[in-house]
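Shared chain: subunit A. Partners: subunit B in the first complex, subunit C in the second.
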Partner chain A sequence: MTGANRPWLLALPVLAVVGAFLVAPYLNIVLMSFRVPSTTQAYAPGFTLDNYAKSLFDWLYIEALLDTARLAVIVTVSCLILAYPVAFHLARTTSRWRGVLYSIVLSPLLVGVVIRSFGWIILLANNGVVNQALRSYDLPRMQLMYNEFGVILALVHIFLPFMILPLMGAIQGIDPRLEEAARSLGAGRGTVFRRVILPLSLPGIQSGCILVFILACGSYITPALLGAGRVHTTTTMVVQMLDQFLWPFGAALALTLALFGLIAVWVFTRLSGRAMRGMA
Partner chain B sequence: MTRLSIERLEKRFDKVAAIRGVDLEVEEGELVSLLGPSGCGKTTTLRCVAGFEAPTAGEIRFDGEPVTRLPPEKRDIGMVFQNYALFPHMSVRENLAFGLEMRKVSPNDVATRLADVMSMVQLSGYDERFPRQLSGGQQQRVALARALVVEPRLLLLDEPLANLDAKLRDEMRFFIRSLQRRVGITTLYVTHDQAEAMVMSDRIVVMFDGLIHQVGDARTIYDHPATRQVASFIGSSNFFTGTVTGRDGALIRLDTSFGTVACGSGHEVTTGETATAMVRPETLELSPAGAEGGFSGTVGERHFLGNLTDYRVTMADGSVLQVQGSANAAFAPGEVVSVSLPAGRAWLVGEASA
Partner chain C sequence: MNDRVTSGRLALGCAIALVYIFLLLPIVIVVAASFNAGQGLKFPPDGFSLRWYVAFFTSEPFMDSLRLSLAVAVVATVASGVIGTTAALYYVRHAGRWREVFRIYVLAPLLLPEILTAIALLFFYYQIGLGTRTVVGLYIGHIVVCIPFVFLQVTAALYNLPPSTEEAARSLGAAPGVVFRRITLPLIKPGVINGALFAFIISFDNVSISLLLKGIGTTTLPMQVFDYLRWGFDPTTAAASTVSILMTLGAVVLVDRLVGLRTVRF
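Up next is the complex of A and B:
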């Protein structure tokens, strides 16, 4: 027996770590989601489908899931619109500031989500920086957080790099000669963008949107901190259940969200894949 | 058909001058090549004509109207790029129809024009293929068809054959040339390949360092190069320097350290001035030592090249001339020979004038 014949042995350490700390807990969550909730212990004896029935058919939770989805879509689309010009510029610039711009784009990743959310609270709170500035000009106070607006704003900021990076990669792969060819054939700048650049950057749009959508669906800290109990997403509800020791129901709710995310991504991939025929 | 005029064109990138004053007229239906080494400004000149670069100074005119300030999409040009630049997400048909759509051609006309152009470039039946499913030569023909189908005023080709293998390149030279003649379109062709320029062009423009050194047909440029750079870029040549001692009719007597040579010249020279002449290796003739009118030399190296033999002959003054003769006439290394120059085949080369 030689090592070369069994390269998978090299993967054993990582498999052990992932198995022990990711797969096993996940299986436990799945198991937990079928247990009977109890207020006096972790769960009561026996198994039930009630947890899923409640998360799928109780309007309160359906609404939270729809809100989560709407929030995630708004965040994803905003990120896409804001990120595209930045990504295009970064992909095409020959300026010597390119490296600096690139690190500015990446810099949000250096600060944790909690810190960045607190940063936004300092800016957006009722007596925060923005409202103090408004007051000093005798302008009316604006409700910038404890609502969806604040949550969306902070999430867009936090997830922007995850949209810019895949977009930039895709745009860098587009030969600038293609733009010139299109223009030589009579296409103005707008048409070149619509007919050449945009379709060819679809793979980047696709991966960026999937990343941001999934991250936004699963985000908890920012909705919790900037929503401060007034914005209800599925994730904040899951944590509420855990606080109330309703672990089995919390588990079912979390898995429902995960399943919903998977289905949404699958549908999106199918749809965007159709638009990308002929490429790859 | 369109006449292209380039007047005193200059282009600087930051502090580097890419073109330093180019004047050129391309007549209706003419194919003119811009030939030169990389960095000579030929591609920049083409890109200024296309509208992708804004010239620093000068004017570009199509049929007398200035187009210098028009964006590329308003110039009505067809361009073929070195890497073809076919739209990878569009089928052959969509690639070809793109320019027609931009010109709002009616769907019926689009169909007939596509069919015409596809048979012209021998690609009928490839409508639904995507560029990556085509060979290099086929992609090249799609690129050509895409540029021609819009019936542009001007066809611009930027090293279109550089990415093809040698055999296909030879075929495509004739294909592009005959297509251009058939369509009768005014064409500007950028290449660094002298053979390509000579086969394809009505006239060749030889550029170095942002300047035109010579404009002429292939024969003129080969036999009567204007400058030393032109002579060495196109074919091989021997150079020798001497003093002008007078005239023999149209020819100029040049006294060199191995003997007096009668040279043709395209520019005026005065007696007593120092001048450089060039002579092509295949115009020199070798004969056994002592022959009438020849210069004495010794064969150094001899290389058999198949269709001819290449000699290096050391002259009396120690200079070495390259001589190419028929493959049969064999002179051995070390043999003393007589080198003769037919009158007028040596040519005085000048300096570039800015």
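Up next is the complex of A and C:
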């Protein structure tokens, strides 16, 4: 009954639910992206390539796509720089605080994206905590949100655990005796890091970067809240299209972003794979 | 030389400490803001007060959204728990030639950008005539995005359970149903419960799916907070956020007491 005689029964629920409510909707959205937009109904009769032409050749949308990519790259690199020392420390420490520190890394994951963005709004708003502190010291007000800075800062915070965890895994997998051997052969700390630890942790760097880049490209909530209409990413534009009922064009724009993300990851994997072979 | 090494290590230590502070800061700030007595935000704060909690618990819209959030999270947890567990059993014990394809298929909701999944579901619901007049679509969306988390946890638990345990029971004459109930299920229970915990948190905190699929006139708690934030600052949202954080924390502590979280795999 539980599948000894008919094991495919176990696969049935997931095949049905994911098939009906993920595969079918995605096929539908692909079809939708070739429809003719209409403001009075979901789409007008006929098929067209115009939606893709507009997504790929209209400067407004190219600019949004490039902005999204630039934002995602800055977020990824910042996460990597902040995460590496923490991951290294966490992977190697024998301190009895290790458990506590590990929960600090995980704790942001338990708090929703909206709430974490909210925390940054309280800190960065024009009359937020930081600016009020500045004013009490008679320092000039700083524009910390409603711009890219605020969006980037909040996104780095939100995705940092996704960088720390794979890095930590990779560094834990490096045999500490390799470092000791290099040290005993006369290598300095810097050299050991550059020649031993860094090359061996590259797989962790690779998976962390891919994860954060993809998540940053697809993020909507944080740019919407901290950018408040002044920072345009492809995702905020897609949601705008939905509000204006231009569904086929919104679909094409969203799929262009997804495709772009996939291509970027593919290129990155090829390049970093070559770097890994070169360094190993 | 030695001095330089120590000061370098000190600097690195400080940098690491700063990152930890950075990770906690916005969460601490939200909780602190919820206890602030003043109408607006003040630094330093105006004093301690619970008035925003009173405002939260007496607010009709916030209570409605909290109820809907809990209902959706519970349904999504149970449904994705069953679907994810059966899928994991099939994948680890029975899948043949197509096992890797099957794995990607089950993990697809996690691999695809959530906002794109929400858009695809929205269009699909309108195409099949379901629309967003009811919250059924919202429930289904949450179930779909929760399945991979249960699947990953249960798969890990099953890999730690040698098939020989089940074979032993079977060779001693136990029927397949009995083997599952008395042997397999108790042994993978921690994995199932951890997966359910993930599903609950993912659903309870979800915004991307809820943003597009919420029914007309209904909304979930994170969506309510999102809407409030878009139209200005109201300390009630800080109280709402703190309650939401306490609820996820409560779920984590409960599961830790039940099975111990050391078995969780990331």
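The criterion applied here is as follows: the second predicted complex is superposed on the first by the 268 of 280 C-alpha atoms of A that agree within 3 Å, B and C clash if a C-alpha of one lies under 4 Å from a C-alpha of the other, contacts with A are read in each partner's own complex, and residues count from 1 in each chain.
Operating definition for what follows: contacts are C-beta pairs under 8 Å (C-beta built on N, C-alpha and C of every residue); 3 or more make two chains touch, one makes a residue touch a chain.
It should be emphasised that the depicted structure is a prediction, and the values quoted were computed from it without experimental measurement.
In the superposed model, A:Ser95 lies in contact with neither subunit B nor subunit C. In the superposition on chain A, A:Gln41 makes contact with neither subunit B nor subunit C.
Between subunit B and subunit C, the partner in contact with more residues of subunit A is C. Contact with subunit C, but none with subunit B, is seen for A:Leu225 once the two complexes are overlaid on the shared chain.
Contacts of A:Trp247 after superposition: subunit C is touched, whereas subunit B is not reached. Look at A:Val18: by the touch rule set out above, it reaches subunit C but stays clear of subunit B.
Using the contact criterion defined above for the overlaid structures, shared-chain residue A:Gly186 touches subunit B, although it does not reach subunit C. The residues of subunit C lying in touch with subunit A in their complex are 5, 12, 15-16, 19-20, 22-30, 33, 40-43, 82-84, 86-87, 89-90, 93-95, 102, 105-106, 108-109, 112-117, 119-124, 126-127, 140-141, 143-144, 147, 151, 176-177, 179-180, 201, 204-208, 211-212, 222, 225-226, 229-230, 233, 237-238, 241, 244-245, 248-249, 252, 266. The touching residues of subunit A, when paired with subunit B in their complex, are 175, 177-178, 180-188, 191, 195-196, 199-200, 276, 278-279.
Subunit A contributes residues 1-5, 7-8, 10-15, 17-18, 21-26, 28-29, 32, 42, 82-83, 85-86, 89, 101, 104-105, 107-108, 110-123, 125, 127-129, 132-133, 136, 154, 157, 160-161, 165, 189, 214, 217-218, 220-221, 224-225, 228, 235, 238-239, 242, 247, 250-251, 254-255, 257-258, 261 to its touches with subunit C in the complex.
Here subunit B touches subunit A in the complex through residues 50-52, 71-73, 75-79, 81, 83, 85-91, 98-99, 102-103, 130, 146-147, 150, 156, going by the rule given at the top.
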